[in-house]
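There are structures below to look over.
Look at the two complexes coming up: chain A is in both, with chain B in one and chain C in the other.
The block that comes next holds the complex of A and B.
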C-alpha cells in the first residue's frame, strides 16, 4: 500500500491513509464518521467516499477527519443509548415486545431487530403501579431508548422519559388517536379515551378535553 | 443459506470505468483475451517472467437485492458475492458486543467442469462439493474477519454470500477479495480491504530451478509441487490468512510469499481504482441531480 496521504476532496477507500500521526504537539487529529484511528496513531478511512476535514469552532488545532459517502445510507444498528422507533407486537402483564423499525432517523427495513420494554422501564415514577395494558397496545408506534443489548432475542428498551412513549396509535374504532395528556389518548370519532404511556407532544391537541 | 438472486439488469457506463477489466501481473494473452465487449481492459506487461499471465476483472453493485455486491474474475475463476445486513442475530451464539459474520460459500452446480469435476457418476460428487464449500466458507471468514469493524455493529450479523460461478483453482483467493469489495460497496465500516493472491511453485523439472506461477489454473496447480494462498490487509501490510497446499522447501517459501504479496498489492490497486472510479461516478451523479 502506498503511503500517500489523501487530500481533502479525494475519494478514499477503506484503509486509505488520511493523516499520518493523529496526536502531535501542534495539532490533534480525530477520526469522525467513516474513519478510525489505528494502533499506530494514524487516521484511516473505513468507508468509500470523499475526505472531509472539519475544525471545531474555537479550536483551530483540532481536526476531525471524516469520510462522506456518495449515496448509500449509513449502516446503523441499535446500540446502547440509541433512540429507536418501534411497532408494538405483543403486550403481556409484565412486558411489551416491539419490532424496531428505525434507529435514530435511519430506517432499518427487514433487519429483524426486536426490543422489549419491561414493566419497570415504562415510566420513571410510580413504577410499581404501571399496568402494561394501560401503557401500550399492539400496533402502537413507540419511541424508546436502548438501555442494554438485552438478550440474544431482544434489546432492552425503556420509555422512562417524558419524550419517550407512544407517538401514534389506533383506537378501538380503527381511527388514529389524539394525545390529550401524558396518560391518555382520545378517539376523535367516538370520543372514547384510551390509556397509553404517551410521549411528550409539542402541544397536547385538546388539553382541555 | 446462500441465496441465488434473480439476475437484474445493471446500468453500466460503457467505456468509462477503467477498472472493469484489467490485466495484471505477468500476463498471457493466449487463453484469456478480453473480448471487445469488456472494454477498458488494461494490459500491464510487467516482469521478466514469461509464465502464464493473469486476467482480472472486478465489478461492484451487480446484485440488486443486496446491500452490497461484487463480481471478481481471475483467469477462469468467477465469483459473485453479496452482502446483506447488518441484521438481527438468529443464533444465540452470535450474541456479543461485537458483530458476527455469517459467511456462506456455494459452488454453482456448473462451477467445476471437465476433468476437474471428477467422475460425474460418482456418489461422492455431492459430498465433495459440500466439503469444499465448507472449506471455502471457513477460509473466507478467516481472511476477512480482521478487516471489518465488528465493534460498530454489536449484536448483529452481516451475511456474506459468495457464489462460485466457475472454479478454475483460484477460488480460495478470489472469494475473500470479492467479499471485501462487496462489503466496501455496502458501506459497512471496514479497517481495510482484503486482497488475496495465489502463487504456485513448480519444481517438476527437477533441475533445481523452480518456477513460479501466479494465479495458477487447476491444470497448472496439478503440475505444481505447492500452491500458496495469501490474504493481505494492504494498509497495515498484515496477512490475515496464509495457506500452503502441498510441500514447499523452506528456502522457497520466502520467495513464494513475496510473490503472493506482490500479487495482493497489484489486485488491491485494481480494487481501489475500481471503487474510486465508481464513487466518483456516484458523486458526479449526485451533483447532477442537485443541479
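The block that comes next holds the complex of A and C.
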C-alpha cells in the first residue's frame, strides 16, 4: 500500500494517489481525463502519464486532477448524446445504415463503428410521411446524434433536429450538391433538384444564387 | 524428489519467498493498440490489446479446456479493473500467446495483460498483478516453475490490486495434499507478498517506458510536456 500523494509533473501509473479525500475539504478536487474518484472520495490515476492539475477560471476552489498520456490517439467512442459525422452506406425503406467517421471533433477513421437512422428518427415532424430514399442516399455525409447505444451491431442515431442531416452529398451527375432548403439540394451543373434531409446551413439563400 | 534443499534453496537456486526474474518489453507487436512481451523466468507470454473498438460478433475463444480456463480467469479479473463504464457499446480484445510455458502461466498471462493494457492506455482502477504459490517440503514456495507445479502439491494463483490490497480473483488446485485453513491463510499471505514483489518490478518497467517516451521526444528535458508525444515504443 503506497500512501504517497503524487505531485504535479510526476509520472503516475494506474492506482497512483493524486489527491486524498481530506484535501477535498479545502479545495474541491475533481477527476479529469485519465483519473477517477474512488469510494472514499480520493482521486486516483487510471492511466500512465504525467499529473496535471488545472483550475477552472473564476473558480479557484475547484481543482481538476488529470493525467496527460503519451498515447497516439485519445480513446474516443460514441456515447448517448454525442454528435457524430457519418457516411451513408445503405438505404432501405425503413432505415439507413451509416459508418461513423467522426465523434464530436475527433475523427475515428476505420473504427468500424456503425450507426442506423430509423425512419421515425429522420425528422421531428410528419414522421409518418418520411420517405427514406428522399432523405438519404448512399455516399452522403450526415451529421447525427446518438440516441441510444442500440444493438451490438450499430448505434441508434437520429437526425430529428434542424441542424442535423445531410451536410454534403454528390448528385447523379457526380457533382457536389448545393443545399437550397431543408429538404432539397440542387446540382450546380445540371440544375436537377434532389431530395434530402438537409442539415441547417448558415444561409440557404446565399448558396441558392 | 527434494524440492527444497537443506540450504533452503530450490532447484533453480531461489529461496521460497523469491519470485523469478521478470522482464517486460512494451510494444512488441505493432499492429495493435498496446502490447507487451513478458517473461517470468523461462515462461514467456505475449499479450496484445485491441480497442476499445466496435463490437464484432466473432470472438475467438480457445478450443481446449486449459486455455479456456486461463481465458476465463483473465476475463474475470480484468472486467473488474478496466473502467468499462467509459466505453459502453464497444469491446476490448485481449489476445494472449503463450510462447514458452515453464510454470506460472496463468500469473504470467495476467501480468502481461496488465502491461499491455497500460501500454494501450486503457483506463484501469489500479495495477493488477498475479502470483502463484505452492507448498512443498513443508515450505511455501512463491512463483512455482514447471517442475514444482508437476509435484502435485497445493497451488494457489491470486490476483491483487497492489495499491489498495484488494484480492480480485484466485484459483486453487491441490491433487495430493489436503489444505487446512491455517495453511490456506499462509498461502494467501505469501501470494499477496509475491504480487507486491511483482508489482514493484512492473511499476518500475512502466515508469521506464514513460521516461523513454519523454526522452525520445524532448531530448534531455524531463519536465517537457508529453501531451502529444508519439506512442511509447
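Just so it is clear, the second predicted complex is superposed on the first by the 198 of 209 C-alpha atoms of A that agree within 3 Å, B and C clash if a C-alpha of one lies under 4 Å from a C-alpha of the other, contacts with A are read in each partner's own complex, and residues count from 1 in each chain.
Simple rule for what comes next: a residue touches a chain if its C-beta (ideal position, glycine included) is under 8 Å from a C-beta of that chain, and two chains touch if they have at least 3 such contacts.
What you see is a predicted model; the values in this text were computed from it and never measured.
Colleague: Assess the superposed three-chain arrangement around chain A: do chain B and chain C clash, or do they fit?
Modeller: With chain A aligned, chain B runs into chain C, so clash.
Colleague: Touching A:36, do we find chain B (first), chain C (second), both, or neither?
Modeller: Touch status of A:36: both partners.
Colleague: Identify the partner contact of A:162: answer first if only chain B is touched, second if only chain C is, both if each is, neither if none is.
Modeller: In the superposed model, A:162 contacts neither chain B nor chain C.
Colleague: Contact-wise, after the overlay, does A:90 reach chain B, chain C, both or neither (first, second, both, neither)?
Modeller: Neither partner.
Colleague: Do chain B and chain C touch any of the same residues on chain A, and if so, which?
Modeller: The overlap between the chain B and chain C interfaces on chain A comprises residues 1, 11, 13-17, 34, 36, 38, 44, 46-50, 69-72, 75, 77-79, 111-114, 149, 152-153, 155.
Colleague: Could you list, by residue number, the parts of chain A that touch chain B in their complex?
Modeller: 1, 11-17, 34, 36, 38, 44, 46-50, 69-75, 77-79, 110-114, 149, 151-153, 155
Colleague: Show me the residue ranges of chain C that touch chain A in the complex, using the header's touch definition.
Modeller: Against chain A, the touching part of chain C is residues 52-57, 83, 86-90, 118, 120-127, 161-165, 203, 206-207, 209-211, 213-214, 217, 223, 225-227, 229-232.
Colleague: Please name which positions on chain B make contact with chain A in the complex.
Modeller: For this pair, the touching residues of chain B are 67, 85-89, 91-92, 94-95, 97, 99, 147, 149, 152-156, 184-193, 233-237, 265, 268, 271-272, 275-276, 278-280, 282-283, 285-286.
Colleague: Help me check something: in the complex, which residues belonging to chain A touch chain C?
Modeller: 1-2, 9, 11, 13-17, 34, 36, 38, 44, 46-50, 68-72, 75, 77-79, 111-114, 149-150, 152-153, 155
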